[in-house]
Each structure stands twice: as C-alpha cells, then as structure tokens.
Amino acid sequence: MSGLAAPLWRRAFAEGLGTGLLVTVVVGSGIAASALSPNDIGLQLLENAFATALGLAVLILMLGPVSGAHFNPVVSVVDWWLGRRTGTGLSPRDLAAYLPAQVAGAIAGAVLANLMYAEAAVSWSTKDRSSGPLWLGEVVATAGLVVLIFALAWSGRAAVTPVAVGAYIGSAYWFTSSTSFANPAVSIGRAFSDTFAGIAPGSVPGFVVAQFAGAAAGVGLLAVLYPRAGQAAGDVVTPSTDTTAGASS
Amino acid sequence: MSGLAAPLWRRAFAEGLGTGLLVTVVVGSGIAASALSPNDIGLQLLENAFATALGLAVLILMLGPVSGAHFNPVVSVVDWWLGRRTGTGLSPRDLAAYLPAQVAGAIAGAVLANLMYAEAAVSWSTKDRSSGPLWLGEVVATAGLVVLIFALAWSGRAAVTPVAVGAYIGSAYWFTSSTSFANPAVSIGRAFSDTFAGIAPGSVPGFVVAQFAGAAAGVGLLAVLYPRAGQAAGDVVTPSTDTTAGASS
Amino acid sequence: MSGLAAPLWRRAFAEGLGTGLLVTVVVGSGIAASALSPNDIGLQLLENAFATALGLAVLILMLGPVSGAHFNPVVSVVDWWLGRRTGTGLSPRDLAAYLPAQVAGAIAGAVLANLMYAEAAVSWSTKDRSSGPLWLGEVVATAGLVVLIFALAWSGRAAVTPVAVGAYIGSAYWFTSSTSFANPAVSIGRAFSDTFAGIAPGSVPGFVVAQFAGAAAGVGLLAVLYPRAGQAAGDVVTPSTDTTAGASS
Amino acid sequence: MSGLAAPLWRRAFAEGLGTGLLVTVVVGSGIAASALSPNDIGLQLLENAFATALGLAVLILMLGPVSGAHFNPVVSVVDWWLGRRTGTGLSPRDLAAYLPAQVAGAIAGAVLANLMYAEAAVSWSTKDRSSGPLWLGEVVATAGLVVLIFALAWSGRAAVTPVAVGAYIGSAYWFTSSTSFANPAVSIGRAFSDTFAGIAPGSVPGFVVAQFAGAAAGVGLLAVLYPRAGQAAGDVVTPSTDTTAGASS
C-alpha cells in the first residue's frame, strides 16, 4: 500500500501527465537546440541539458504530492520491489496502472513536442543508439538515479529530491556516453520523433535492458550503503510530507 | 479578500514594478545576447534564458511579501477565479488595480531596457509571431505555469515558488516553440522594443488569447489533480508566510 | 551597534577577504573566458556570469556569519543609514573599518587573479566605460541589489540571501548595459587588471556616482514597499541566525 | 571518533564510490565536451563545469549520510587535524581507510569513464600542468574549499554544503588558472585518461603539494575567522543530521 492518499486513477493520470511533459521538455528543447545552434552539437546538448534539468525538477515539484512523481517505470518497479515485504511501496495493482500510464504519456508528450514545432505528429527516429559503451552508459545512469532517489527518501531528505533529480539528469547528459535516458518510458516516447533527442525503435530494447540492469545494480548498492533502511519506501519522490492536498475521493 | 496585508495602492505599485523589471530583464538580456553572440541564435536564447530564470526568481523573492508577485494578468485572474467563492483570492477591486499596473509596468520596463542600451525609447517590434504551432506553444506554457503555481501553494510549498517559477520559464524558453511568453502584460511590453525579445503588435492578440486558453486548461488540470484544494488560494506566489513586513499602511 | 558578535578587526578582515575573492572570481573567470572562447564575446560573458553567480553565493555563505558579507561599500553605507536611528545597522566606527577593508581587498583580489594567470601583478585597465546608458545601467543594477538585500532581511528570509544575490548579479550581467558592477570597491579593484572584466581608472568615478545614486533610489523604493520595516537592519546579509560560531574574541 | 554511525568498511566503500563517480563525472563530461564542441575550448570548459557542479552536489547528497562525503584526502586530513584534540574528527584509523579508498575509487572512476566512451581502459594523460601560476591556482582553490566546508559545518549550515561545494567547484573551474583540481585523489585519477580533463602523471606531485599547502592556508584562515569553533568537526560534509539511516552494521 502506498503512502499516497489520492485514488489510483488520479495518480496514474499524474504519472502519464508528468512523463508526457518530461518527454515534451526533452524532445522540444532538442528540436529548438538543433535548429537554433546548428554548428555545435555540444552547445545543442548544453541547451537540452539546461532545459531538462530545470524542467524535470519543476515537474517533480508539480506532481509529487499526487503520485510520487516517478515518471519512470524503473523507479516504480524498484519502489514496488523494495517495499514488497513491508507493504510500503507501490502494490502490484498500482504498478499495473503506473507503467502503462507512463508509456502512454511519454508517447503523447513526443507527439505534443512534434506538433508545437510544426513537425509531423509522429516521425520514427532514425538515430541508432546501439553499442556496448552506450549500454554501459545506461547502466551507470540508471544505477545512480536509483541510488539517489532512495538514499534521499531513506535519510529524510525527500524535500530536495526534485532539484537533486533534475541536477543529476542534467549532469548525466554529459558524463554518460548515452546521454542518460535512464527511463524505459521516455526511451519509448523518444522513438516517436526523428529529431535531436530521438532514438531508433530498434535501439530501444537494448536501452531498456540496460536500464533494468542498472536498476538492479542500484538496488545492490543501496543494500550495501543503506542497510535496514527502506521501511518507508512508499511515496519516494514526493517532495512534501503534506500529501493531503489531493487526498479527497 | 486577499491574504496580503499591504494596502492596494502599494500592492499595485509592486506589481507594476515587478512586471516592469521582468520585462527589463527579458528585453535587456535579449539585446545584450544578440549584440554579443551574433553568430548563434541558440546561444542568444541560452543567454536570454539564463538571465530570465535567475532574474525572475529574484524578483518574486523581492516583491512576493508585498503583492504576491504575480507580475502576470493570467495568474491574477486565475487567483481571483479560484478564490471567488471562498473569498481567498484577489477581489474584483484588486484585479482592477493589478491588471493595469502590470501592463503599464511592462511597457515602462521595455522603455527602460531600450534606454539602457542606447536604443530609441520606443521602437515597435517587427517580429511576427503568428502561427498555430506557436499558439499551441503558448497554451502549453501557460497551462504549465498555472498548474505549477497553484500546486505549490495548495501543497504548502510556496517557499520554493520563486525558484520553481524561474526554473520553469527558463526551461519553457526551450521546450515550447513560442519561447514561452505565457504572460499577456509581458507580451504587450515586448511589443515596444524592436529587438531580440520583441513581438510585433499584430501578433500580441493571438498570443494573449492562447495564454488565456492555456490558463483555462491549467485550471481544468488543477481540478483533476488537486480537488478540494484551493481554499488558501490568496497570496499564491508569496514565498513567505510572514507578510507583516509590509503590513502597515 | 551591529547584530554581529565578532570583534571589528575580524569582521573587517572578513570583508577584505570576501571582497578580494569576489574580484578574483570576476577578474579570473574573465581572463579564462576571453582566452578560451576568443570568438564570441557573449559566450565569454556567459562563462563570466556563470562563475560569478556561483562564486558570489558561495562567498556570502562562507563569510556571512562573521561580517554580514557585504563586500560592497554601497551595502555597508545603506546598512548604516537605515539603522542609524534604531542602532541596528553598522556604526560609523564599523563603517570606517569596513570601507577601506573592502577597497584594499578588492585591489588585492585583482592582483591575485593577475598572478594566477601569469599576468603582470598590476596592469591598468584601458577599457573605457563612460556613457549615459552605462551609468543608467549602474543605477538600475545597484537599486535592485539594495532592494533585494533589505527586502529579504526585513521579511525574515535572509537564509536565501546568498543564492539570491548570486542569482541577481548573474542575471544583471546580462540585463544591464553596464554588466552590473554595482559595487564601488569592486569597480576600483577591476581597474587594476587590463583584461576582460577591467574598467579604465578614469571611468571609475562615474560608475561610483551612479552606484550611490542607485542606492539612494533603492532606499526610496524600500520606503514605499516595506514601510515600518528595517528595525532589524543589522547583519543584513548573514545567512544564519546562528552567529555565535565566530563570536569569541 | 567520528559522528558517523556506519561501520568503517561501509564508510570507506562510500568514499571510494563517491570519489570514483566524481572522477567519472569530470572525465566523462570532459570527453563528451571536447568531442561535441571541438571549436571552442571555453565552451568545453563550460560544459565540463556545468556537469561537475551539478554532479558533485548530487554525489554529496547521495553519500553524505554514510561517510560524510569527503571524496578528497585533503578534506579528510583536515577533518582529522581539526578534531584531533576533541575527538570529533576522523580517527587515524578512519584516515587509513578513507585515503586509499579515495585514491582507488578515483582510478576506477577514470577507467569507467574511458570505457563508457569507448576509449582504452587506461591511457596516461600527456597534458602537462606544471607552472608557478597553476600551483598558485591550486593553493587558492583548495584553501577556499577547506574554508567553505568547515565554515558551513561550524555555523550549523551543513544542509547547504552539497550545493555550496558543487557551486564552488563550478566557479573555481573558471576563476583559478589550474581549473581547480583541489583534490589529490581526483588528481591521481585524472592521470589515467589522456582526454580533456587529464593531467600528466609527472604533473601530479606538484599539484598535490600545492593542494596540501592550500589546505594549510585554509586552516589558518579558519583559525582567524572562526576561532573557538570546530568542536563538531566530525561528519563535516553530511547534509543531514539524521545519520541513522545507514547506522546498522
């Protein structure tokens, strides 16, 4: 049972909305960056990272009290896994609502970005992202993300999670060779736009496998670093102890 | 009745000052960016977004305790609308003072930026910004802004609003095709400077309509995400519960 | 009498050290930026603004509990002026120690930057910065700085002052035509380095006059915005209520 | 005896992991920056500084409750030195575990960055960094880092240390001529990658000597600025008073 009081349909809606807007931020700022800074790919990535770091932090602030602001199947699955014995994480039923909402939202978010920039609603990305070093990048990126989120939750500092997660992704765009997708739903969504931030559909499965491998590594690191913690694993990303705002019905 | 204790004339003055300085930040940094980075429009936008994100956060911190730091007719109207039954938002009389103050301040801010950069005090912008995708961008930008501000206020986290709003706009400069004006008063003010951040007067009405449409969408999303909240809708952007500093008359 | 408990010699030392390191940050990052990004002056200013915004925030955090972290004669004079009746600001004796310490520190900071970058210890700047629009820029920049610092102090939010002041200056580098010196001591120090951030000695008096004019404008705005506040004007930039750490003699 | 409750092996593991990931951030983002922005070294450094400032802050947040998040032999040695009489800092036994863990982690972190970017696992850097001005840069960078960390700890503001240290290093990349290594373990690790952030092995000893000289200068400044403080020198970087999360054995 989750620590969040909103009914499941509303929480799933928030997950879909948040994941969707995250993809809109990533894809939309990527389109703008490549159009406006055509001569320097690094500058494009800096612009993309700037927009993503700020936008992701804001989205977590905005929706955390409703759904926990996972926006990421890896985070939701780990939340369920770590809380499965104590009943503090997502339930299997929660998971069955969160995951499809995240994937559907991600696709809608890519379509929205495409439309805002006068592109076709859907254009399959042709950007191949398949190689061992890139997969290693995704393992590292996702492991770090998982350790960060649960370390903050378990040490009573979830109030800084929105900013910390935004900062982490902004940094990981640069320090991982894969530019840190670190999110299966976002990886799927980014396949629907043949622009700067796209990923060819054929490269998605490899990324998703690497992301779950990274999540497993992150869970292992947490067991070493923060043993006996995790009883309060529910509601991990929520930046406020006050979750009653959306608590009706 | 508003939760703010300062007399209306002072609050309106703060709204005019804050909206004005916001336009000064946007227009002034746009002039500097296009003059100093003439070869890369993306770099110009990054410089403009950097200055705006930081400057907007600071202005909200500076004036929030006086007027709530709306600096935006859309925010003021939504504040009135959401609090009209419970009497927690702006009153119609408040609104009648805030809106003209915001617009007048915005125009004065553009003039100030022009003068600091040795331009003519007023030069009508010739930059056409009219198209469906741009209007969609304004709808998205304004809806997100409205959801963010009231979600933070209703979940007891208004202390982070200044930084969150600055970060949101800095990100939305990139992820929306319209570079996120998201503010009718600022849109009018930016028509008074034929520089980087300008907008042709003929394009302003379309932007304003899109902004109010976005605000309506934001109100709808809030009703889904945060039902039964909103009783404390007054004083929504104020970053401090201590509003007594400016409470005398 | 000041609210700070450290003896005056230590507070003056902290003011000299902090102002000096601020000039080291400004001048040093300016030298690096112009050497490493020779083809785009805007990019140089972005690098300079990035370093200054972060570095200034850190210096205020580092030394605030000792001296209040003014690092700026304008701030010290306004602190004395606003607290002269209630005895809450700097005393004339404090001022007589702070001001020369700030100026001497600023010069030493420029020399340190020059030496780190293998320049001559002192090279008079040849960069003329004299014109009405630039002076208007300094008036705006300094007025905003004064309003920000005292608005935060008087509304009980001095804990955010370090970040807010850093953000303000980082933004004002862009939105004012003068790149926001806003500080007489730093203006003098920057005359000692003929590099990116320099100012010709002959341009310094005009800037200093404009800065004090801006401070007066800021005091006027504060009187309108925050009347009856200011009784606690001492210790205005200190980011912690706990000033006992450096309280021995 | 340290204020941290985790067993020494776990704390040493956290120091190795954190120092390693810090080097991964520095080296990895340096490789990406030089590959993606080949025409402007300043832009490369801005990208590198952006990633490092955000990544370092996040790593301190992530591991602070376990080990104090020193990630730096200079910080650990100063922590021991300042707490040696009162027993509040690291013990000699702690030090004997922290230092080798930091160095080993740093080397592993460079190897990980190399592998993610499809470089040879190890390639000795050929970038000579030896000169008086560079050593002066390291003295300044390290002195400032030491003063910052202990000033925050001693004035009860360790909660902001993660962000402040990240911001400091991001700024010092620019204002010191040496780009602020300020860390002997990271200096050694960076010798293992012949890429943007590398340092030739022959230049490492000079940097390390300068860093310890800077640490001594920082300790001297602290004695002047914050006398009679320092009784709580243990656990200096931990951003939370709640260190019980990892407190089991």
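For clarity, chains are labelled A, B, C and D in written order, and residue numbers in each chain start from 1.
Assume a residue touches a chain if its C-beta (ideal position, glycine included) is under 8 Å from a C-beta of that chain, and two chains touch if they have at least 3 such contacts.
Computed from a prediction, not measured in an experiment: that's the story for all the values here.
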item: Chains in simultaneous contact with chain A and chain D; value: none
item: Equivalent interface positions on chain B and chain C, same or different at half; value: different
item: Length of the line joining the C-alpha centres of chain A and chain C, rounded to whole Å; value: 40
item: Intercentroid distance (Cα basis), chain B paired with chain A, Å; value: 28
item: Chain D, residues touching no fewer than two other chains; value: 40, 43, 46, 50
item: Chain contact graph, described as a line, ring, star, complete graph or other shape; value: ring
item: Chain C residues touching chain B - in the complex, by the definition given at the top; value: 40-43, 45-46, 49-50, 53, 131-133, 136-137, 140, 144, 147-148, 151-152, 154-157, 160, 164, 167-168, 170-178, 221, 224-229
item: Chain D-touching residues of chain C, taken from the complex the two chains share; value: 10, 13-14, 17, 21, 24-26, 28-29, 32-33, 35-40, 43-44, 46-48, 50-52, 54-55, 57-58, 61-63, 65-66, 112-113, 115-118, 239-240, 242-243, 245-248
